[in-house]
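This is the structure I want to talk about, given as C-alpha cells.
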Amino acid sequence: MPEQKDKQIIIIGAGTAGCTAAGQLAREGYRVSLIEKDGKPGGKVNNWYQLFPDRRKGEEVREFLMGEIDNPLINISLSTDIDSIVKRKNKYLVTTTRGVMPPADAILMATGFDLFNPERKEEYGYGIYNDVITSVELEEKFNSGSILTSKGIPPKRVGIVHCVGSRDEKVGNFHCSKVCCVTAVKQAIEIREMLPATEVFCFYMDMRMFGPYYEELYREAQEKWVVNFIRGKVSEATENIEGRLLVKVEDTLAGKPLKMQVDLLVLMIGMENSLSGRRIAEDLNLKIGMNGFFSVADNHYGNNRSNIKGVFYAGTCTAAMNITDTISHARAAVVEISSYLKSSEREVEV
Amino acid sequence: MKNFGFSSIKPRVIDYDRNNKAVSDYILKHEPSFALCIGCGGCAATCSAARFTDMSLRKLNILIKRGENDEVRRLMNKCMLCGKCTLVCPRGVNTRNVIFLTQQAFRKLDNYAV
Amino acid sequence: MQFDPFVIPFNIGLYFIILYCVGTCIVWFRDLSRPDKLRLQRGFFGRPFVLSIREIFMESLIHRKIIKVNPVLGYMHMSLAFGWFLLIVLGTIEADVFGESHLNPPYKAIFFKFFNPEHGAEGFTMAYSFIMDLILAFILSGLMIAIIKRFWSRIVGMKKTTRLKTLDKIALTSLWLIFPSRLLAESFTCGAAGSGSFLTGSLGSFFAGFLPASDLAYPFWWLYSLSLAVFFILLPRTRYMHIPSELFLIFLRNSGVRTGDQYGSFAEAQVYSCSSCGICLDKCQLSSSAGINNIQSAYFVKGLKRNDDVYDISLNCLMCGRCETACPVGIELGALRMIQRRAGEAPEDMKTIWTGYMRERNQNIRYGSNNYTKVYKYLTPEIIDPATEVIYFAGCMTHLSPGIASSMEKIFKATGVNYRFMDKDGSVCCGRPLMLAGKDREARELIQHNSSVIWSSGAKILVTSCPICLRVFTESYHLDIEVLHHTQFISRMIEEERLDLKFLNQTVVYHDPCELGRGLGIYDEPRKVLYHIARYQKTAFERENAHCCGGSLGNIQLDSRKKTAIASDALNDLTHSAPDYLITSCPMCKKTYRKAEKSDTPEILDVAELVVKAISDPGRAEKLHNKKHHKEVLYLETK
Amino acid sequence: MKLEGKKRIWKEFQKEIPDNHFFFVRSCIRQSFFPGSEQFLIKMLREELGKDIFEDPRHTTCTGIGYHGDVVPFDTIQAVVARHFALATEHGYKDILISCVTSFGIYEEIIETWKHFPETLEKTRENLYKATKREFEVPRTILHTSDAVYKFKDEIAARARYPLVDHKTGEPLKAVEHIGCHYSKMFPKYGVGGAEFPHTLVGMIESWGGEVIDYPERRHCCGFGFRQYLVQANRGYSMSNSLKKFESMEPYKPEFVLANCPGCTMFMDKWQYTIKEQEGRTYGVNGQGIPVLTYEELAGLVMGYSPWDLGVQYHMVQSEPLLDKMGIPYDKDKKYIAKDGSKMAGPKNLINA
C-alpha cells in the first residue's frame, strides 16, 4: 500500500488506546509516531495486578500492547511532552520537548485519564491518616504480594469506599467512572483470597455491574467470599486512639447511621480527563464536555471524531472506559482515520 | 440523679463493633444463600405479613447482618412463614429458612450460646 | 432324653429373645393412650385380629408388597421369612411325629437331624426330609440373592442399598451363617448316617467320599447353634428387630391406632418395624435429582432408633409422601418427621425425643416455651358480610400465579354461584407452612383468624386453589362447612351441568400435586375435569406414583438450585409425549415448573386456567339468572 | 497520622489577617460567662502587642440568637449588622474583629448573601438609611478574635512564662481543640485551615508548647444549637452531643479543652456538670473534669497573668489541677476576692473542688 506509507499519523499517549491504535494503523500501512510522556509505554495498566472480571494478569494485557507497537512503521518517543500543535492546511505540525515531529496527516488523541486526587475529599483523610489508601496503592500491595497496614500487620478489617471523586457534585464530577464498582468487587475478592481471616466491607451508592460477567463476579464475592456490602456513602473517616480508622456511613438499607472500625480504608478513586490532554486540547481548541472529557463529534456514531478535522479520539480521554471498550474504541478510531485519509473532502482543502 | 426537665438521647447509630453478630454467623453457616441478598425488597413487597405490619425481610436481613438484635426480635415473629418471599427472590435466597433459622438462633441464644 | 451341650447357646438366645419381645410388648402396651389401649383390646377379639393374621401372613412372611415393587427383592425376603417359618413349623411337626417324645423343647425341632441321624432314610420320612431339604434350598436361594444384593445392589434392580453399622454387620453375618451351617451340619450327619434327601443327602455322601463326615458334623452343629444364638441376642439392637416389632405393629394398626402428632408406642413400634429395606431410597427425589443421600426415611428412622439428633434430617424433606406410599411396612413416615420437627421447637435444644426401649418416660415434650405469647397480635378479625354461598380462598401462592385466581372468578361467574373472594387483596397464610415447620401453636393463631373470617361469611362451601391450604383446611380447621379444592368444585359444577364446556381438541398430561394427591387422596376430580375437556395422556407417573415438583414448602432447607433440578427432572419425565399442555392443580407446582421450563416445554397451566379456555358461553349464568324459575338451580346441595 | 497532610490542607486555607487596626464587636454571652476573656483580649492587643483595637459603645447584639431562634427575620439582622459596619466606617475601620462565632457566622452569611444577591445589599443600605440615616462600607475582612490571637500566637509564645508543658516532666500537655461550627463549617474559606482540619486553635496550642489530640468526634458539634437549647425539653439532644464528644475524647485523657465559640465553651464546660448529675459520668484525669478554656484565658495563663484576673475560677470545671501541672502559682484565698477586697459569689456544685 505505497500511497499509505507516505501518510503520517501522530498518536499522543502510548497507553492501552494509543498502543492498540498504533499497531492497527501500522498494519494498515500507515507511518505512526507514538508520543508518550512517561518513561515506558503501557499507561495505567502498567501498575495493575489483575483485571476484572476474569482476574487475568495485567501483565498479559501489557504484553499484548507491547506486541501491538512492535512494528517498523511505528516510531515511539518516550518521556516526551507536547510543546505545541499547529494546523497548516491539512497537516499538523507537532513540536515536542524532543524537537519537531514530521508533519502529520492526522492526530489521534489517546491521552487517557488522570486518577482523581483523593486529597480533595478531605473528610476521608487521605494523606493524613496512614491507613487510608487508594485502589491503585492496593493493586501495588497485591503486586508486592503482601497486604499490611502502616503498623506492619495484616488488617483484620478492610473498608472499600466506592465513588471517590465520581458522581460527586462536591468535587465537580457528575459522571460515573464505571469501572470502580467492579474493581472494588475484584479487589475485595483478592483481599479475601490473600487474607481469609480478614473481613471486607464495600460502601457503595449503587452497584453498577455494567459489563459481561461483572454481576456474576459480584455474586461470587457475596456467596463464595462473603464480602459485606453496605449501601451508603462514607461521610467521614477518623483515627481512634488505637490508630484504627473509624468510618461513619448511613446504612441506607437499615435506615440508620452506622459506625465501624477498619484497619485499612481503600478509596476507589475515579477517572478524570488527563491534565496533559486538556493542555494539548487548548492548542487545538478541542471541545471539552460537561464531564471534563473531550466531547466527541457524535455520541452515537461519531465518538472517535473531534470538532477539528483530522483530530481523532481513542479511549478514556472521551469517557470512562474499561480496557475492553478502550481497545474497541481505539480500533474504531483507526477505521475513522483511514477513511478520513482516503476521503476526497480532505484533498479539496489542499 | 437530678432531673433537669430533659434527658439524654440514646443514639440510633449502629455500633457495628459493639453489636453481637452471632445470629448472623449462625444463619450464614446454615444458609449460605443469606449472603446473596441485594436489598431489592421483592420479598417485602410480596410479604403476607407486610399487609398488616412493618415486617420487611429486606430490612430484617440487613439488621441481622448488623447485629441490631432487638429490632430483629421485634420483627422476626411477625412472619407467617408462607414462603412467598422465597418464590420472588431474584437472588435465590432461601428467605424462608433465613427467618426460620433466625427464630431458631434466638431460641438458642436465649438458652445458651449459638 | 436327648441332649447335647451345643444346644445351650441356641436355648439361651431363644429364651432371651422371647422374654425380650414379651417385655417390649408389655412396655409398649403400657405406654399406649387409654383410647388406644381400648382399641387394641377390642381389636384383639374382633375382625382386626383376623385381618392382622392375614396381613402378617401376606406381608411379614410372603412380603407381597415388596414382591409387587421389586420381585427379586420380594423373593429374597419371602424365601428367608416364609422359608424359615416353614422350616420351624414342619421341623416341630417332624420332631413331634418322628422324635422320641411329644411336645419337645424347640431345640429338638431345630437340631432334629443331630438327634435322629438315621431319620429320613426310607419310606414316608424320606419324602418328609425331601420337603425339609426343599425348604432349606428355598431359603438358601434367597440367601444367595441377599449376599449378591449386599455387594452388587444394582443386580436386584436397586440403585442404592442401606448402609450398615457394625452391630448390623455381625448380626447379618450370623444370619447368613445360620443356614449354610445347618446345611453343612445336616449334610455331614446324613453323610455319616447315609440318610438325608436330595440336598443334605447327596451333599453328605459326596463329602463322606473324601472327608471324615462323622467328625466334621459336630463342630458345624455348634456353629449352627452359635450363629442362631448370636443372631437372637443381637436382634434387639439391630434392624432385625423389625421382625418381631412388625407383628405388634400390625395388630396396633389394624385395631385403628395411628401415629398422631405426639410420640408414643405406636410411633416407636413403627420405628422398630423398619427393616431398612431401602425401598424408600430410590423413591426420594432429593436423592435422584438433588444428590442429597443422607436424609432419606430409612436413615431418618435409623437415626431415631439410634437416638441420634435427626432434627436437621427431619427438616430436609419435601414431605411429598412418595416414600410413605412405597414403604412395604406402611410406616407413617410423614407423621414421624412432623413429630421430630415439632420437637425441634422445644425450648431447650432437645437432641432427640426418642430414647428407644427402656427409655425414661418423656413423651410429653413441651413444644416451644410454656409462656407462649401470641405472635400475630396484629391480625384483627375482619368480618365479611354474610349471605354468600361459596367463599373462595385463593391462597398465598395463588397470588403469585394470578391467572389461576382470575380463572376461578371467571368460572364462578360462569356458574352463577354467589361467591365471595376472601383474600382478594392478599391472604393471611392458612397455617400449613408453619405446621410443616413444626410451629403448631403459631399456626393455631392463623387458623383461628381465618376460621372467624370464613364463618362470618356464612358460606356453605369453602373453595381453595391451593392444595397446601386445602390440606390444613380439611385436617386442622374444624369449619363444619364443606371444603373443596377448585378441581373438585369444577368437576361438581360439570356434573350438575352448571358449567358447560366445549371439548378442546388438545392433549394434556397431568401432574398430581403432593398435598392434593398423596396428601388428601384427590386424584379423580382433576382427571374427570380433564377427561371432559381435553385428550388426557397417561404418563408413567400417575396418582400415587406422581412426582413432587420440588417446590414443596415441606422442605425448608432445600436451596433454589436443587429445587429447580428436581423440577426439571420431573418436567422431562412428564413431557416425553410432547403434550399441548402440562396441567397441574397447585399454584406452587405451577410456579416451580415454570421456573424450570425450557423452550420446548409445553405450556404449563392450572386446571382452572384450562377450563376457562373451554367455557363456551361465559354469559350463560347471567342469562339463566334472569329467568326467575331458575333460582333454585342456583342452590347447591352440599353433601 | 501524617502532619504534612494537614499542613498541605492548611496551606490551601490561608486567611488574610491584618496586622493592626481592628473594629471590635462583642459577644452577648462571653462577658457574663467568661468575664475575663474579652477584657483581656483588648488589654493584650493594646498593652502587650501595642495594636489599635477600637470599640464603639453604641454597638449592639447582632441578634444572632433571635435569628437562629426564628424570632428575628433576615432583613432585620442584615440591618443590625449593617449598622455595625456603619459604625466601623464612621471610625474609618475596614477590618471587623468579632468576639462571637455565632455573630462571625452571621457576618459571613450576610456578606456572602450580598455577594451573590447584590439587590439584598442595596435593600439593606436602604433599610439602614431609612432607620438610622447611616451609610456603610462592606468591611475588607471579617475576623474572629481567635483569628487575631492566631495571628499573634508567636509573639505570645515569645512572652510565654508558663508554656503548655508539665513543668515537672517537661512533657507537652495534651489538649483538645474545638472549633465552633459557624466559624468555618459554613464557609471554609473564612476559617484558618478550613472546615475539616481548622488550624486556628491547633496553631495556638502547638506554638505555646502543647500537643493537640485528634479524636474521632473532633468534628462533632458541641450540641449548642439554639433551637435545641432554647427549648428546655430539647436540651437532652444538646447534651447528648457533648456527651458523644466527651466519650470520644475520654481515652486520650486531655488536660484541657480549648474552644473558640462562646456557646461551645459554655456548654462543654457546664454540660460536664449536667452529665455528671444525669449520666453519672465524669471525664479527665481521675474523673476531675476537663477544664474548658477560651483562647484569651489560655494566652493569659501562658503569659503568666493571674488566673483569678483572667476569670477561670468562674468555670464549672475549675482549673487548679491544670495550673498545678503548668506550675502556675495562685493564691487559693484570693480566688473570689474582688479588686476592692470584697468577696464575690462563686459557682456552686463544682465537679472538682
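Each chain carries a letter (A, B, C and D) given by its place in the written order, and its residues are counted from 1.
We adopt the following convention: a contact is a pair of C-beta atoms (placed from the backbone, for glycine too) under 8 Å apart; a residue touches a chain by one contact, two chains touch by 3 or more.
Predicted model only: the values in this text are computed from it and were never measured.
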Which of B-C and B-D has more C-beta pairs touching across its chains: B-C
Identifier of the chain whose CA centre is least distant from the whole-structure CA centre: B
Distance from chain B to chain A - Cα centre to Cα centre, in angstrom: 40
Cα-centroid distance, chain B relative to chain D, in whole angstrom: 46
Between chain A and chain C, centroid-to-centroid distance (C-alpha), Å: 65
Pairs of chains, among all present, that meet the touch criterion: A-B, A-D, B-C, B-D
Chain D contact footprint on chain B (complex, rising order): 1-2, 4-11
Interfacial residue positions of chain B with respect to chain A in the complex: 12-17, 28, 32-33, 35-36, 38-39, 58-59, 62-63, 65-66, 68, 91
Chain D-facing residues of chain A, complex: 119, 122-123, 125-130, 236, 238-241, 246
For the chain B and chain C complex, residues of the former touching the latter: 31, 33, 46, 48-49, 51-53, 77-78, 80-84, 86-89, 92, 94, 96-97, 100, 104, 107-108, 111-112
Residues of chain A that touch chain B when the two form their complex: 207, 219, 222-223, 226, 228-229, 231, 251, 253-261
